[in-house]
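Next come two complexes, and both contain chain A; in the first it sits with chain B, in the second with chain C.
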Partner chain A sequence: MAKPKVAFYWCSSCGGCEEAVVDLAEGILQVVEAVDIVFWPVALDFKRRDVEAMPDGAIDVCFINGAIRMSEQEAMANLLRRKSKLVIAYGSCAWMGGIPGLANLTSKKAIFDYVYHQAPTISNGSAVEPLPRTDVPEGELELPEFYEKVKTLDQSIEVDYYLPGCPPTPKITLEAVEAILKGALPEKGSVLAGDRALCHECKANASKPEKLLIKEFKRIQEVIPDLSKCLLAQGLLCLGPVTRGGCEARCLKAGMPCTGCFGPLEKVHDYGAKALSALASIVDSRDEAELARIFDAIPDPAGTFYRYSLPASLLGGRRQVTSDK
Partner chain B sequence: MSEAFNPRIVGFFCNWCTYLAADLAGTSRMKYAPNVRVVRTMCSGRVDPQLVVWAFRNGADGVLIGGCHPGDCHYQEGNYKTLRRMGLLRTMLAQLGIEPDRLRLEWISASEGERLRDVMNEFSAQIRQLGPLETKSSVISSQSSVAQAAP
Partner chain C sequence: MIRLAETAGKLPGVVVSREYKYACSDPGQDMIVQDVRKYGLNRVVVASCSPHLHELTFRKTVATAGQNPYLFHMVNIREHVSWVTEDPEAATAKAEALVKAAVLRAAFLRELEPRRFPVNPNVLVVGGGIAGIHTALTLANANKQVYLVEREPTIGGHMAQFDKTFPTLDCAACILTPKMTAVKQHPNIHLMTYCEVGEVSGFVGSFKVKVKKYPRYIDEDKCTGCGECIEACIFKEGKTPSEFDVGLSKRKPVYLSFPQAVPPIPVIDPEACIEFKSHKCPKSCVEACGDRAAIDFTQTTREVELEVGAVVVATGFKPFDARRLPQYGYGKHPNVYTSLEVERLVNASGPTLGQVVMRDGRKPESIGVLHCIGSRDENTNRYCSRVCCMYSLKLAHLLKEKTGAHIYNFYIDMRTPGKGFEEFYKRLLEEGISCIRGKVAEVSTWPQSPAEEGKLVLRVEDTLLGAVRRIPVDMVVLSVGLEPQADSGQTGRLFNLGCSSDGWFLERHPKLAPVDTFTDGVFLAGCCQGPKDIPDTVAQGGVAAAQSLALIDKGCVEIEPVTAFIDQEICSGCQICIAMCPYTAIQFDSEKSVAALNEALCKGCGTCVAACPSGAAQQNLFLDEQLFAEVQGVLV
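Let's turn to the complex of A and B:
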């Protein structure tokens, strides 16, 4: 049997997902041996025209990381979709919008105003802004269009599978590759990780009280937590109870509470609202004023609970009222 | 906002108190603003914040949650949970461009038909003043596995 043809591409991302592929360490050799990499701009010298020259469906599996922020990314996603039998959203940005998706708390105009006009490091006397088309004596120049909102990959193209994580861990990446090679993939549209809450993987779970109640939220720099005990019970905002497991509780092992990068469990429709609900419910107070004081320790609930999933959320981001369009 | 704006309000009323108050207001033939579409829930504590967000996404201009008075929850703790969740939710909604006043929490017991009427009227007037919410324009149509069917 011919080796499966595999492609990697990045859209609006930090590069961490690319690192994650390299992070497979010896694992990568296994992968490289088993597959034929036909496109991977970060590591190998292939160009867009090489992809364009392929017949439709020529790529067996394409891993795309990053969210969709600009038209050029969407065009590449469309091209790769056409050329690929399977498209896998690799990482939480491609799946849910990720960190770049937090830009949906503001607007394109506000971003442009700051970046091109107000930032202390900018000197832009003639108030130029990038435009999709500009006429110069030599002809017309084109730039990718910066979209109003950040989109998830599946808000642009059809996606077959999702790999969660910021970035996905070597373990779930290799498991996915194995499933592909063996033809053992689950139902289309599945998230390729377990469907149990992260707490089940955390060694501190045994110490978590049955009925967890906390009086205050502490910030990570304020305490030296006892790592053998549940961090949430110690007042650190840990999203383990509402986050999909599969990461082997990596952050917890390093003494950090979970920030939710593996996204929601299967039955959840809005990760942020669910996470907020779970965290608020365990606060040990019945008094409105006291509750308000306790919640002051979570000054940015949208950024905390939708950290990786704002574009995929029910509201998608901040509502654009006419005045801030 | 124009006179023609007729707010759409979703009311989640607990089966043991506020829903009975609405019943009482009805049987006593009280007149009140007809803007609230009532959903009966067993307890205010069953109103998942996802449902509130879902309502706002799908055309509600306001959401009113009605539960038993503190100490009176049929399931002991439900309304305290509601109190904790909705306070934080209002802060988060404000960050998402939804005025926190569009989400209101009221304790109305089974015998408080008149209070129910007053709250319905007041809240309708308040939402009328805030104007239509229109979240649709900011929601990206999605085939996403995260946001699909109703919760």
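Let's turn to the complex of A and C:
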């Protein structure tokens, strides 16, 4: 039997997901052995035209990481979709928009204003901004278009499966590859990770008090947490209860509260809203002033609760960009 | 409506859509049944009036048609659209959006079974006025156990304070005290006076009620009601204004509200009793009580727990406080009285033994009775208190009979709509009472002529005469209106009752469900629902009893399955929900490391559903997908 043809591609991402593939360590050897990598710009010298030359559906599985920020990414995603039997959104940016998606709290204009005009390190005398098309004596230049909003991969193309994580862990990556090789994939559209929230695999869960109520949020630099006890119960803003498990509670083992990179569970429609309503529920006060004080300890609520999922949220981002900061 | 039906017909999944004027009527329901059968429909949406009124009707219709009744959804285009949206175009568009929302939601409805619970056959009646008394007796006669909770030391309510009752002028005590005694003697009535309801939990058919029993300092089981303690009290004369006589007489620290009080057990007022103040009283009362040893200064407030299936709230009214209208001089001019005071004054067993002697010791030769004090007035209460015209005429008659004085009744409109009322009014006119149409502007003591010297002068525009008049009188009677009890808001919260904007408890439907409330199993009787006279109060008490009986005799109640449930396959055992549930319906199953919900305890408040970060806790009839579909229908 011919080895399955596999492609990797990156859109708007930090490169960490690519790193994660390399991070498979010995595992990568098994993968390389079992599959035929036909496209992986970050590691191997393939060109777009190589993909274009393939017949439609020639690629068996394509892993795409990163969000869709620019037209070129969307064009590549479309191309790969056409050429691939399965497309897997690899990592939280591809699934939910991820960190680049936080740009949806502002506008394209505000980003351009800052990046091309106001940033202290910028000296842009003629105040040029990148344009999709520019005429120069040599002819017309073309640049990818910078979209107004960051999109998730499945807001651009049809996606078959999702691998969560920032980046996905070696374990879930290998398991996914295994499932693909064995043809043991679940229902289309599934997220290939745990199907319960992280608490379920957290050792400290059993230590929870009878009634989990919080009077104060602490920040990680302020305390040395007791790792045998639930971090949330210690006042650390751990998003474990809201976040899909499957990561083996790696951060928690290192004393780092969960920031939610594995995203929401299947029944949750909006990660940030759910996180907020769950946490607001357990805050133990009815006094407005005290409540305000308790929540003041969360300096960036949007960035905290929608860290990985703003473009995938119900609102998708800020709806009206106001001039005030 | 036709347009609405047309647009609805084009929505996804809609097989048939119809416009029908009275969908809730028999033919209307029949049409639904026929359609369900003919087209094999498995979802029904009705857009009409309030689900409060007809959701049940249509659920039954759907069941009749052979479908699960919970595959029905109702759109309230009466309250949500017709009554609040004026522009017909906007209203139709809004109705279309709501219907779309309902249709999209309906697709996600699931088959459910109502929960059945047995009904506890005992009934709690709150308030021992004539309403509560009549309700309790009716229920007790039907062999139900009744707990009658009254916060005063005696039952009887306002009626016990009256002399005669309109329009027949029968003596209030003669018709009331036999009923009070019957309450005391009835084996099925557990009378709890000097008690108040402190807490209510549970639901229709099984309410748990905590009653606070205030200390009387006299043991109800040991006291024989001989009254010797009162005689023996070291206070030879009373010093405390009598509540029952509205301050027109004084009572001792140990007292019986009135001779026919039920139960006939005195109370000790710790505010007035020397023993409580100084512990130095010779306690002649204790001595007088002797071997019966009923007096117990160590009593404290106790809590009694009751379990009942139905509740009748009959907490009555409070008279309007005449001090709020200083232009009438109540509290300033001694000879200005409220109607309730006059009820006591003309009463043969009242503080003056029925002699109408004014506070200054004189007998009045002319009296002005002012209707509508604190009623039909933009500055106080806008509503008509319904009984004041009639009781003002009654008092005019009694005062005339007792004093021979000349009596003026000042009215805005004379309202006598009741059996025998108009005849009573005619009779009064024949008796020579002067009825003047006009609202008195002021009661003053500044004479402008020798005839006004030493008199209370009423300034009034006589609207029939078309002239402003000054009428000097000796005595003024303010016919105060009826207001909700001062603590009605609190009572309302206890039993989850709504209030009208005036503060009266809200009946479920003003015409068709006049004693039901929006809390199943809680009924209303008497003036707590709105001003009314004794005949209407008694009638309503009877209806409240009948409704309670209907509930009890059914034996079990069906409760909408709006409960939450936890999908243990999804639950991560994060335990966030556990502290949230106000009814402790959720526990941690440490074996499976997940949360477990006890459906019997769940009230369907939805708190856990909002809190659960996994989406494991969900609520029947409010599933996420149902709500999202609904929102989508409205917005998109």
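In this section, the second predicted complex is superposed on the first by the 320 of 325 C-alpha atoms of A that agree within 3 Å, B and C clash if a C-alpha of one lies under 4 Å from a C-alpha of the other, contacts with A are read in each partner's own complex, and residues count from 1 in each chain.
Just so we're on the same page, a residue touches a chain if its C-beta (ideal position, glycine included) is under 8 Å from a C-beta of that chain, and two chains touch if they have at least 3 such contacts.
Please read these numbers as outputs of a predicted model, since none were measured by experiment.
When both complexes are overlaid on chain A, the residue A:277 reaches chain B and chain C alike.
In the superposed model, A:317 makes contact with chain B only, not with chain C.
Once the two complexes are overlaid on the shared chain, A:189 sits against chain B while remaining clear of chain C. By the touch criterion defined above, A:285 lies against chain B but remains apart from chain C after alignment on the C-alpha atoms of chain A.
Once the two complexes are laid over each other on the shared chain, residue contacts for A:96 go to chain B alone; chain C is not touched.
Judged by the touch definition given at the top, the superposed model places A:269 against both chain B and chain C. By the touch criterion stated above, A:105 is placed in contact with chain B alone, chain C being left untouched. By the touch criterion stated above, A:298 is placed in contact with chain B alone, chain C being left untouched.
When the shared chain is aligned, no partner comes close enough to touch A:132: not chain B, not chain C. Number of chain A residues touched is higher for B, counting chain B against chain C. When the two complexes are laid over each other on chain A, chain A has residues 264, 268-269, 274, 277, 281 in contact with both chain B and chain C. By the touch rule above, chain A contacts chain B in their complex via residues 95-96, 105, 149, 151-152, 154-155, 158-159, 162, 189, 191, 263-264, 268-274, 276-277, 279-281, 283, 285-286, 288, 291-292, 295, 298, 300-303, 305, 309, 311-321. Of all residues in chain A, only 195-200, 205-206, 208, 210-213, 240-242, 245, 264-269, 274-275, 277-278, 281-282 touch chain C in the complex they form. The touching residues of chain C, counted against chain A in their complex, run 567, 569-576, 578-580, 588, 590, 593, 607, 610-616, 618, 624, 628. Per the touch definition, chain B reaches chain A in the complex via residues 48-50, 52-54, 56-57, 70, 80-81, 83-85, 87-89, 91-92, 95-98, 133-135, 137-151.
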